[in-house]
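The letters A, B, C and D name the chains in turn, as written, and every chain counts its residues from 1.
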Amino acid sequence: MTVTNTFASAADDRVFRLVIACPDRVGLVAKVSNFLANYNGWITEASHHSDPSIGWFFMRNEIKASSLPFDIKGFVQAFQPIANEFDMQWRVEDSGVPKRVMLMASKESHCLADLLHRAHDGELPAEIIGVCSNHEDLRRMVEWYDIPFHYLPVRKETKQADFAKLNDLMAELQPDVTVLARYMQILPPELCQAFEGRVINIHHSFLPSFAGAKPYHQAYQRGVKLIGATCHYVTDLLDEGPIIDQDVIRVSHSHTIADLVRLGRDVEKAVLARGLRYHLEERVIIHENKTIVFHH
Amino acid sequence: MTVTNTFASAADDRVFRLVIACPDRVGLVAKVSNFLANYNGWITEASHHSDPSIGWFFMRNEIKASSLPFDIKGFVQAFQPIANEFDMQWRVEDSGVPKRVMLMASKESHCLADLLHRAHDGELPAEIIGVCSNHEDLRRMVEWYDIPFHYLPVRKETKQADFAKLNDLMAELQPDVTVLARYMQILPPELCQAFEGRVINIHHSFLPSFAGAKPYHQAYQRGVKLIGATCHYVTDLLDEGPIIDQDVIRVSHSHTIADLVRLGRDVEKAVLARGLRYHLEERVIIHENKTIVFHH
Amino acid sequence: MTVTNTFASAADDRVFRLVIACPDRVGLVAKVSNFLANYNGWITEASHHSDPSIGWFFMRNEIKASSLPFDIKGFVQAFQPIANEFDMQWRVEDSGVPKRVMLMASKESHCLADLLHRAHDGELPAEIIGVCSNHEDLRRMVEWYDIPFHYLPVRKETKQADFAKLNDLMAELQPDVTVLARYMQILPPELCQAFEGRVINIHHSFLPSFAGAKPYHQAYQRGVKLIGATCHYVTDLLDEGPIIDQDVIRVSHSHTIADLVRLGRDVEKAVLARGLRYHLEERVIIHENKTIVFHH
Amino acid sequence: MTVTNTFASAADDRVFRLVIACPDRVGLVAKVSNFLANYNGWITEASHHSDPSIGWFFMRNEIKASSLPFDIKGFVQAFQPIANEFDMQWRVEDSGVPKRVMLMASKESHCLADLLHRAHDGELPAEIIGVCSNHEDLRRMVEWYDIPFHYLPVRKETKQADFAKLNDLMAELQPDVTVLARYMQILPPELCQAFEGRVINIHHSFLPSFAGAKPYHQAYQRGVKLIGATCHYVTDLLDEGPIIDQDVIRVSHSHTIADLVRLGRDVEKAVLARGLRYHLEERVIIHENKTIVFHH
C-alpha cells in the first residue's frame, strides 16, 4: 500500500520519533520497517539495540513527518496493533512539538544560565515554561529571558508544606520534563515516584563515587586525579537513578577545593545540556535502572 | 516463509555481517528486514546511516549465522536479487572466517608489538599471515609469535625492483588487509590502487595537520597543545586517504620532540588497533574520500 | 634582611605575579629566590621552564602581596637591578588589579554569553570594560550586564575607516587585553601589530588544520573524526599566531555540518575561557611564535 | 662558592633528582636554590607545590649531574644540614642508576606485556629484575625478554606459607619498586606495610567507584557511561591507597561486560605505565593518603 501524503508541506522537516522497547523476537525489525514502508515513511535515522543477557530489544526511528499520511494520533492508531502483538513499551513523538521544560535551581547560576542560553539560542528543542527556585537570587537572570520565575522557599520546619506547593506548581504547569539544574534539595519520594523518568538531575560527581553531599570535598579528600559529573533520572533512592551521561576533567594536587568546584562547573554544564538534549530528542530509553541512549 | 536452520549448532556464535551502501529509497530497510525475517534471521546488531546531502543510504547488520538456513554462498545467492533491485554496493562476511592480515613495519616496534600481542591474546579477530619489513630489527619479536618474517629491503636506487618484490609477496600471500604499522615507506601508486581500501596506515599526526615527514617536529615547531594520530586507508595521494579514526593527547611547552614522539606512540598504537578492529569487523564503509564507521 | 610588612592586612589575599624570560644561566633561580626571601616574600606558586634547545629560561612566581614590604612600584624598583643583570624580559602584576578586558563579537552569542556570565559570576579575574560588535544583535544581552555596547559596523567599502574607528575606541578604552569572541572579521595588520600579545582569538578548528574561513565545512569535507578549537594570540599572519590552548571533541559520519557547528560551540567556549583565564592570571609567556603556559 | 666539576664528562646527561617535603617557611626555596647555585648546579626542571591548608611545601628539582662537584653521596652529605634545619623529608636520586623493578602478574598478559615492551624499548628508565606470578601462563613471554620468571603459586589453604615465600623472594631480589600488573591477589598486611610506598597496583576501576572484586561487572550493573582504571600505592586497606593516576574511556549501553573488559585493558595499560613512569622518575611524593605528582 502506498499512500499519498496530504498533510505536510515539502518544507516541513519535522520528524516523528518512534521509540520501542520489547522482548526480542525474530521479525520485529521487519514488522516495524514494513509498517513504515507501507505508509511510504522516510526513515532519516534508525538505531537498534538488542540485549541478549535480558532478551530485550530497543529501537528508535526518526521518520520524516511529511512522508507519512497521518499525524501523531493517526500514527498511534495505525501502529497500536503491532505494539500489542509484540508487547511493546512504546511512544511516538512529533519533533515539531517542543517539550515543555521546567527548570529548578538554587543559588548557583552556571547550569541554569547555560540551559537558558541554549534554549534562547535555538539549540535546545524545548520550551522553557518556568524556573522554580528556593532562592530569589536568579530571578533577574530568568526574567531577562521572559520566563516566569517561581520562588518557592524550602525550609526545614515547613518542608512538607513547601514541597506540596511545588507539587501544585507542577500539577499546574504540566511540564514534560523537570530539570534539577543544581537545585540542591532532595525531592520527597512521592514527587520522585509521581514524575518517574521525567525529572533529570545533575550530580556534581562521577557517580557512584561521592554520592550525597559535598562531592568536591570528598574528591579532594580522596585525592582523585579526575573529577566528574553525572546526569541521571531522579528516583527515590538518592543519586542512584538511571545514568544518562557522565564526563570527567583532569585535576591535580595543585587544585584546591575551590578549583575543583570551578573546574567541575564546566563539566556539570556540558553533561547536563547533553543529557537533557538526549531526553528531549527521545534518545533515551529507561530499562530497569539503566538507560539505552541512542545518541549519534 | 520460515525455514528451519539445519546448518549450525546452538553453540555457534558466528555472525554474518551484511554491509550495504546504495542510493536512498523508501522501503529499503523494510526490504532487507523482510529478507532476513523470512529466513528467520536473528539480527544481533543493526546500524543505519542516511546522508541526505548525497542521497545515499548505508547499513550494517549482524545476523546470527546459526539462525539462517544457508552459508555465506547461499546468502549471496539469495540476497543478490535485492541488491540488484536497489543498486547496492554490498558484501556479506562470516565472522567465523578470520581475515588474513599482513603487517608491515620498519624499525620502530611499538605498533607492531601492540598488534601482535592483541592478536595473540585473541582480542583481534584476525589471522596474522606475515610481517614484512625493510629492516631485520623486528625479526626476533615476530618469530616468537611463530609468524613468518619477510625481509624486503627498500633502497633508493632499486626502489622499483624492491616494490615489485613486495607486490609479488602480496600476490602470493593474498592478504585481506595490509597494515602499515609505522612502515615509513611510501608505497608506489600502482600498489595503492591495486589494493585500494585494503591497506591501512597509521600517520603520526592529527591529519590534515602535519602531513608528510616528521610530523612531531612540525607539531613542536608550531607549538600545538595537542598531538594526535590518524588511522586511514592508503591512496595514491599521500596522507589524504579516507580517515577511519583519530585521537589526540595533551602536550605542553615542557615537552621536547623526544617527549612528543614517546607520548605519540601510545596514541598511534591505540588508534591503529581501533581502526583495524573496525575494519576487521566490517564496520567501515568507504564512500568517496570519507568513511562511515559503525562502531558501537 | 628581613623586613616587616606594613602595607597589607592579614585578610589580604592578593598575590604579585612575577613573570620572567631570559637566557638561561646558573644561579638565576637562586638570585630570584634570594631576592624574595630577603624581603620575606611568601611564594604560593612557582613554575619554571628551561628550554635547552634555545638556551632560555622562563619563570613565574606568585608571592603573597601582604608578605612583601612594598607595592608593585616598589617591587619594580627593587627588582630592576636583577632584571638588568640577567637580561630579563619581565613583568610583575598585582592580582588585586583586575585586567581591563574588551570583548568583540559578531552575531553568534555563545562565546560572548559564556565570558559575560563567567565574569558576572566572579569566575574571571577581569573587568569587562566594553563589548564591540559589527552588528546590533547582541546589544540587549550585553546591556543586561550593564556593560557598554559599541556598535562599529565593518563594511567592505569603508573597511579602512571602520577599523580606524575601532582603533580610536581601543585608544580611548585602553584595554589590557582584547578578546575576539567569534568576531569573524580579520583585523588590519597595523592593529595586530600595535596590540601584539594583547589580542586573543578563538579559531573554530584544531589549528593548523582548517585555517581560514568555514573550518567546520572543511572538516566535514575531509571526514575528520575529531573537531577542535584553538585559542591563540592574533598576529598579522592569519590564524598563525602563538597558540595558548586547544581542545577537540569526537564526531562521526552521522554528524551534519550543522551538528559540527553545534558541537564545536562547546569546545570554542571552553577553550577560549581557559585561554583567557591563563592570560589574565599572567600564566602565558610568548616566546617567538610559541607560548609557555604555566597552568596548573 | 663556585666549584669546578671534575666528575662527569660533557656527554653525561644524568640528572640528580632532589625531592623534598617539609613544613612551609619563607626562605625555603632560596635556601635550596642557593645551595645549588653555590655548587654551580644547573637546574633543568623545577616544580614546587605549597599547600596552605596543611602548611606543607613540596619541591622537586632535576639538576644536571655533570654540573655538580660531587656524586650522590657527596650531595647527601652537603645537603643534610639544610634538610635538618628545615625538618625535611627528602631524597636525592641519580637518574643514571635505573630503579630495580619487580613485576607481579597472574594470567592476564596485557599490563605485563606492555611494561615489558616499554622497558625493552628503552622507554621505561628501569631494570626489570624479575617477574613473579602465581601461574605459569606468562613464563614463555617473560623469558623471551631474558628476565627471570618466578612461579609462586598462592593457594587458599597455604596462603600464609605462599606469601612467606614471596616475602623471601623480595628480600632476596631487593626491588626498589614492585608493580602489581593485574596480580589479582590481595597481599597480606605485613607485606603492604613492609613495602609501603614501594608497591604500585593497577585497579580496573575509577576508584573509589567499584573497589574490590569484579569492577567491570559492577560498572555494567550500575550502567555508568565511562569506565576507568586507577594506579595507586598499595596499603593494607584494599584499594584505598594513595592514587597516582587515573583515566577513563567512554562506554555505552551497547557494550557487554566482555566489551568493558576489553576496552578497560587499554586504560589499565596506559594508566599503569604512566604511574610507574612518574614513580621511576621520582615525580611522586606521598603525603598522608594523597600524592603530589610533578609530571609535566
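FYI, contacts are C-beta pairs under 8 Å (C-beta built on N, C-alpha and C of every residue); 3 or more make two chains touch, one makes a residue touch a chain.
Which chain is which protein? Per UniProt: A, B, C, D = Formyltetrahydrofolate deformylase.
This is a predicted model, so every value here is computed, not measured.
**Student:** Rounded to the nearest 5 degrees, what is the angle of the rotation that puts chain A onto chain B, matching CA atoms?
**Tutor:** 180
**Student:** Taking each chain's centre as the mean position of its Cα atoms, how many Å separate chain B from chain D?
**Tutor:** Once rounded, the distance between the two centres reads 36 Å.
**Student:** Roughly how far is chain A from chain D, going centre to centre by Cα mean, in whole Å?
**Tutor:** Taking the average C-alpha coordinate of chain A and of chain D, the gap between them is 43 Å.
**Student:** Could you tell me which residues belong to chain A and also touch two or more other chains?
**Tutor:** 45, 252, 254
**Student:** So what shape is it, when you link every pair of chains that touch: line, ring, star, complete or other?
**Tutor:** Its topology is that of a complete graph.
**Student:** Over in the complex, which chain A residues touch chain D? Could you list them?
**Tutor:** 49, 51, 53, 58, 206-210, 222-226, 228, 242-248, 252-254, 256, 289-293
**Student:** Could you pull out which chain C residues touch chain A in their complex?
**Tutor:** 45, 109-110, 113, 117, 121, 123, 144, 252, 254-255, 262, 265-266, 270, 273, 296
**Student:** In the complex of these two chains, what residues of chain B are touching chain A?
**Tutor:** Touching chain A: residues 26-27, 29-34, 36-38, 40-48, 50, 52, 67 of chain B.
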